[in-house]
Amino acid sequence: MTRYGPMFGPDITFLGVPRCDLSSLADADVVILGAPFDGGTSHRPGTRFGPQAIRQACYLPHDGSRPSLALRVDALQDLRVLDAGDVEMFSGDAARSVAALEDAVHRVAAAGAIPIVLGGDHTIAWPDATGVARELGFGRVSMVHFDAHADTGDTEFGSLIGHGQPMRRLIESGAVRGDRFLQIGLRGYWPGPQTLSWMAEQRMRSYEMTEIVARGLDECLTEAFAIAVDECDGVFLSVDVDVVDPGMAPGTGTPEPGGLTSRQLLDAVRRCCYELPIVGVDVVEVSPPYDHAEITAYLANRVVLEALSALARRRRGDEWNPRQPLLDAR
Amino acid sequence: MTRYGPMFGPDITFLGVPRCDLSSLADADVVILGAPFDGGTSHRPGTRFGPQAIRQACYLPHDGSRPSLALRVDALQDLRVLDAGDVEMFSGDAARSVAALEDAVHRVAAAGAIPIVLGGDHTIAWPDATGVARELGFGRVSMVHFDAHADTGDTEFGSLIGHGQPMRRLIESGAVRGDRFLQIGLRGYWPGPQTLSWMAEQRMRSYEMTEIVARGLDECLTEAFAIAVDECDGVFLSVDVDVVDPGMAPGTGTPEPGGLTSRQLLDAVRRCCYELPIVGVDVVEVSPPYDHAEITAYLANRVVLEALSALARRRRGDEWNPRQPLLDAR
Amino acid sequence: MTRYGPMFGPDITFLGVPRCDLSSLADADVVILGAPFDGGTSHRPGTRFGPQAIRQACYLPHDGSRPSLALRVDALQDLRVLDAGDVEMFSGDAARSVAALEDAVHRVAAAGAIPIVLGGDHTIAWPDATGVARELGFGRVSMVHFDAHADTGDTEFGSLIGHGQPMRRLIESGAVRGDRFLQIGLRGYWPGPQTLSWMAEQRMRSYEMTEIVARGLDECLTEAFAIAVDECDGVFLSVDVDVVDPGMAPGTGTPEPGGLTSRQLLDAVRRCCYELPIVGVDVVEVSPPYDHAEITAYLANRVVLEALSALARRRRGDEWNPRQPLLDAR
Amino acid sequence: MTRYGPMFGPDITFLGVPRCDLSSLADADVVILGAPFDGGTSHRPGTRFGPQAIRQACYLPHDGSRPSLALRVDALQDLRVLDAGDVEMFSGDAARSVAALEDAVHRVAAAGAIPIVLGGDHTIAWPDATGVARELGFGRVSMVHFDAHADTGDTEFGSLIGHGQPMRRLIESGAVRGDRFLQIGLRGYWPGPQTLSWMAEQRMRSYEMTEIVARGLDECLTEAFAIAVDECDGVFLSVDVDVVDPGMAPGTGTPEPGGLTSRQLLDAVRRCCYELPIVGVDVVEVSPPYDHAEITAYLANRVVLEALSALARRRRGDEWNPRQPLLDAR
Amino acid sequence: MTRYGPMFGPDITFLGVPRCDLSSLADADVVILGAPFDGGTSHRPGTRFGPQAIRQACYLPHDGSRPSLALRVDALQDLRVLDAGDVEMFSGDAARSVAALEDAVHRVAAAGAIPIVLGGDHTIAWPDATGVARELGFGRVSMVHFDAHADTGDTEFGSLIGHGQPMRRLIESGAVRGDRFLQIGLRGYWPGPQTLSWMAEQRMRSYEMTEIVARGLDECLTEAFAIAVDECDGVFLSVDVDVVDPGMAPGTGTPEPGGLTSRQLLDAVRRCCYELPIVGVDVVEVSPPYDHAEITAYLANRVVLEALSALARRRRGDEWNPRQPLLDAR
Amino acid sequence: MTRYGPMFGPDITFLGVPRCDLSSLADADVVILGAPFDGGTSHRPGTRFGPQAIRQACYLPHDGSRPSLALRVDALQDLRVLDAGDVEMFSGDAARSVAALEDAVHRVAAAGAIPIVLGGDHTIAWPDATGVARELGFGRVSMVHFDAHADTGDTEFGSLIGHGQPMRRLIESGAVRGDRFLQIGLRGYWPGPQTLSWMAEQRMRSYEMTEIVARGLDECLTEAFAIAVDECDGVFLSVDVDVVDPGMAPGTGTPEPGGLTSRQLLDAVRRCCYELPIVGVDVVEVSPPYDHAEITAYLANRVVLEALSALARRRRGDEWNPRQPLLDAR
């Protein structure tokens, strides 16, 4: 199997990291996959251009190096991060697309690398986490899920596949245990009572924004992390950019006012990847046609870098102190 | 009298709630009125398209149902919410327009329903609160007013009517007592000392952002609520979307940096409608031509839904605990 | 069968014409169908919001009346024009979507009415023209096709269905004869020689912009019309808004510089519907996320009105003189 | 009377020409007036920012000099062009606003200068042409009117004043004779038969785009000019920027596809001001909130400069040959 | 020397304050200078239009008066604030441009006034602080620097001059002592370890966002202020608008997600100018082409006003209580 | 010398053609160079992102193949077209930048290939044409120059280098003879009489839009071509995208209304490269920050492709008939 090409536009890699081919991943730590798919979106499309936008939203040279001021690692250098290009995902055929993606993710996991999938709409969380679970074992991977929406719908537009349903599919298939499903940032007016009841039955743990405001995000995360690592071997991190307030991240398809700030999301992603045994990540729902001045693409790019930097710092193993002055740090 | 039609564009209702005619409101709990007027704006116009934008800014089906995750009510179902359409308000004739609106609001109040008026510029707060006070009694309605601006100017461009003057008109006429006027979120460089002196003489209570940051919004609201319900029979809630920082709500006419976050506004509106005896609401100053990706329209739509949901939860009567996990709630 | 609802946003009709249900079309002259589908797009999506945008892009009242200055008919009144709403077309399942649309179009044709389908990406031309041909007979309907692109590709992204392939499918199935296929406005760098050879073998007649500039659009149209009515019973008119120069119609997915002006397209559509026995129309590839100030949506709305007005004038039967002064006309 | 200040933003003049006061215009050739009014708009507002935008839309220094390549005059130097600032026009009070503008225009005309009024919506054509006619005599001024719309409505939103009615008011009052009213560029679906009948009764001459395309714009203009100077002492030129296709001039309130090109409008305005005895000009309906990259504001700025340059060339008196090479010209 | 003219567009002053000429500044308290330069930008340009945008981003009359609600001073009246216009800075010649600016700033400082320089890209901090230090003494001015970036690079694109290098130039020249350099808001992935080592060697004190979140902004500022006034005679305040989150301030060239809120920046600037002996200010990196609805320009305008108001309040000398209700204040 | 890298963003080539290094161009027919420079712009910057935007503005696969429908060649295959990347051009140092570019262009010309330079602002025409003339001989290369502006200014902002002055520099140095300088599309209000006199003295031939409209573009081109090939060995083609009307090409720095249509420009470029002995091309003044939906970038991309296709067709040598039907062609 040769390298995936770009589905749209020129063939670039995430900030200039080396290209790779899924057939030779022996020494990869992290493999980036593009999932240029918006066929599962229930409203505004455009996320097919998410991978392209996330890969290049940066004012710095695209040189495969990004030393983190906060964490004092250069994840793109300290880890072996490769970019396999875009899985071919025809938005008009969701079923074929998710199968192709699941297979690609599984190959990455099977090679012992962490897949980071750039969406695409949230439909892809189903093949993303399934692909990892096929390697680590169904029920052995917990999920930390940042989102304004629960994405636990049954069907939409008559389809089982779509960006409102991936979490249900994952639980139904057994890939992820319902009681190891942690949702952060929910709000708004969906889903309705019937679906909430189903979620409660699965013993999911969903932190709506009201609880987060009342208790503080950090306390909620600490609680969630304890559940996530209980009787699971790894954690999949799924970040829907709409967890951030639409005022700060307008380039998305189903904006729900009242979300986290960008700062909160970056800090939370850092904690996830520094404190938890992450085995896969996806960053989804960036829709460039609705973005302004690339601010949402930049945010998603930084979410990926924050995740990578925290993974690298975790591997380094020494203690990290957030209160330490920048120029005292090493 | 037949139903108001749409002033601009197709004839739609707020998220698909039933249409109504002001002559038959017998069993309505809430009546939505559009006030498509921007003739009173001192700077950027465009709020004439506010009602249209607020009614439809949602990615969910327009089916007259919106179950709130936070409050566990479906306000559009639990309350009888009707939409009467747009009052005809020719922006070139402010005097005639405010008279027509006042009459319409009064008819809603007289029918025992709560009017929710979708602006339009803030000029409309004068007829909105007057229309309610005509039913409940002049001086018997207090005002909770979220805004970057005091809106207590005397005249502008030689006119007594305009979006910088409604609050003065309300106090001068006696419709609302000056000492039951609570303003939240003021900031910036207007009005000047003379007007501030007039406001102090009326014994208004205005929370500038500096005080809100220093003391906390929740403490300020609690203090304000105590004043609002002292010797008044009801509270009118007037929400100018520019109380939120322009970075999060750019689609407005007179943006003043340094405002609340969207999250803060939603939580504050929820508290108002859950803790206070609300008798009328307006949501104003959404200017779609200056919006991006509808984010300001979405915010205003959610302000309306938050108000409705809290009204519904208040009517249900049981206690609400913001710290309760989503899936434990009922 | 009940009326189709809206797939996105509120339930509106084209400029306020009456709603209809496909099961009772007895006296309809024209039935408007929305095809909110962008799953077949090879590049920028967004046409799923085309039907919604085309229906409402007008500054005049949405009152079901549009008296044409040029043609002196009021097509929405002189003809019985109904709007059936949006066919459910899940963009993630192209196969199911085109089947549903073909069936809907066929029902309209079977009722003796002219379907006008609002796209949606150009994938829909396949079900649109097939639905008509099922009623009038395969090979009995010719095609006049305005487009920058030939849309005669074989497969794209591994799929036979997509917005680059509908014309091939129509010819392969026999629904439309290749030698009764008239294409106006082609240009650019697609398709390649192999596909062009296939097209030549089918005896298609394609007017590239070079020929149109050299000979004049009117001469080309006259020539094409003669072919279109030769041994055919009706003509399907398919208008891809990208036939117009992207400078004048930016809101589209695959913009190709060097196209017609808006004025040329409107005049050409008028000639088609006034001079030819039209049996179906579609207007496709309007992508609102890429539009500015609704100018592309307005253009598409006027293409529909121009088609309707010319149909109405043709039915009236009296001669029409384009040089007659406006105020002399009747 | 002191100079008008700016109604919005900083106090600037048209491309840096000198300021003036209406009480001392003795030697002015042309006086520019801003009419920052959008209270008469039936749809999108924003033209209140037209004067400000038109005055400054230029990449060249704002130095009161603009040598025309085409006409080889520097109108801002060869003529005495002054800018009186913005008449105060509160958009919420159309009646008071038009009275103030009429008075200002009359003062300019009474001083023997040509007023050039920067709109604002087209409501202002009523006070503009009336102000001139008060000086030259009712019925002694003909009108050449570029527009997509006839603007001859009777009432709108219950008002006699508005941007759809100014031409009717002018004819009804006798300020301009109906049979000396020349309209260029009409198209679309307004007004209806009743109003067209009224127009025909007034013996107006309206060139719809169909006639313009069929006969050629130059032939139509030549014919119109002959009518305009028959038994009239001067011509008022009213240019609605929406006569140009919305694809080339998107920043306007009621866009109607199928219009002139920018090039055609500039050439036509040049002919008007070079061939006709112009006594007043207005340029209206530029709405900056709907503009992109200032292109509509630039166009309006160039319409004003083209008018001024042709006025200057006409005064110079020597023959002008459009076929002469640029560098042969003097 | 005459007054600087505008480099682009019409000749306006900051909110209408009086113009001035650098040769006669005898009684000025503050002099505003425009630095319309973007030749030093490493990525998105556009800041050449910053001065123009910052001067006019306000919905209030441009009348040289801005009474602060928070601080109860009218800085534009209480201080003598003049605007000298734009220093000519050809973006294609950085060396000549910075020399011209340094000279202009020095003349202001020499006249005993505080220069407030409106950028322009951050290149200008080098001449800005140097111009002040030439008057007060090299090493006698400390720096408080709000920014997402350290701006301590050595060279970029082969040049010592640029917006990533000004702080290094200032320390290398001795104009500002490295150990009196306070940086607030740094984050992201630049500069790398080598530059950080150089910074540490200079004994700079840089507050990365992680430390700010962990300790609180107010605590960090208090600590920084103590350093700033230690053995220094004055403080230069340099505000890069990109210290604010791109979601709230998109109109900038090198956006880095995860920044301060607008509210935080305004409060911090207030503290700086109220608590510290400010001798110069610049506000940089506002890039209007990337802004939306002028929100970033508004923010920068308010940063300038906040600085001026706090300067005025500091001069008044009486105590200021942020918890005092607005209408109790004097 | 190694290959130039990208100055901004990822390292891509024009539509996927092979990369090259200036030191090994032996068999190249055409070499593409990026000139990411906007330091010479007198107004709006942004053209530094022109090369990046022009290279990728295409909805087709970036596969190094573009079969032209009009000309029936695949220039990217039929010619050996290589992309050398971006010359490093620091916008803050125009002098150094133009020297670097001139050297790069000269190396391409010296290798016998045709350089196609992607601007960048029009400053680059000076080094572009000089670089070619250094190889072919000063005075042996004529210039065909499409532009709204003559670009023959003497100095601007005190600099001899800038986008308003390149043509003067070329004539002064003798690189291009003044009487072999053909300008197409000039219009507007710059330059003034003094510069026009200088141009006349050089015996330049400039076609202002008035002459083009009066005589027809084709006649003007035929006349110009005859001059261009008189006593010259080659022709340099310089295309400023602002020759097209800003309505159709808004993404540029100094828009001048009243220009060519996109269609006219494409046809004219085709004629140039098919009929003339082209030795170099530049396409300049595309400013992505001011573009909408990439339409200006698409136009520039198509100008490059049109030039390449006509070059390829010219080399093929057989006759080309613009009236031939598409499917008859070979």
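So that you can tell them apart, the chains are marked A, B, C, D, E and F in the order they are listed, and the count of residues begins at 1 in each.
The criterion applied here is as follows: contacts are C-beta pairs under 8 Å (C-beta built on N, C-alpha and C of every residue); 3 or more make two chains touch, one makes a residue touch a chain.
Going by UniProt, the chains are A, B, C, D, E, F = Agmatinase.
Remember, predicted model here, so these are calculated numbers, not experimental data.
Here the chain-to-chain distance from chain B (Agmatinase) to chain F (Agmatinase), counted in touching steps, is 2.
Listing every chain that touches chain C (Agmatinase) and chain F (Agmatinase) alike gives A, D. Ranked by how far their CA centres sit from the centre of chain F (Agmatinase), the chains are topped by B. Counted by C-beta pairs in contact, the busier of D-E and D-F is D-F.
Looking across B-C, C-D or D-E, the pair that copies the C-F interface, with over half of its contact pairs the same by residue number, is C-D. Between chain E (Agmatinase) and chain F (Agmatinase) the centroid-to-centroid distance comes to 40 Å (mean Cα coordinates, whole Å).
Per-chain Cα centroids separate chain A (Agmatinase) from chain F (Agmatinase) by 44 Å.
Chain contacts: chain F (Agmatinase) has residues 43-44, 245, 247-248, 261, 290, 292 touching two or more partner chains.
Judged by the touch criterion defined above, the protein chains form a pattern that is neither an open path, a ring nor a star, and not fully connected either. Contact annotation for chain pairs lists A-B, A-C, A-E, A-F, B-C, B-D, B-E, C-D, C-F, D-E, D-F, E-F, with touch applied as defined.
The touching residues of chain D (Agmatinase), counted against chain C (Agmatinase) in their complex, run 42-44, 186-193, 196, 199-200, 204-211, 213-215, 245-248, 250-251, 253-259, 261, 290-292. Against chain A (Agmatinase), the residues of chain B (Agmatinase) that register as touching in their complex are 59-60, 65-70, 72, 74, 244-245, 247-249, 261-263, 266-267, 292-295, 298-299, 302, 305, 322-328. Those residues of chain D (Agmatinase) that touch chain E (Agmatinase) in the complex are listed here as 6, 9-13, 16, 55-56, 62.
Residue ranges on chain D (Agmatinase) touching chain B (Agmatinase), taken from their complex, read 8, 38-41, 43-46, 48-49, 88, 90-97, 123, 157-159, 161-162, 289-290.
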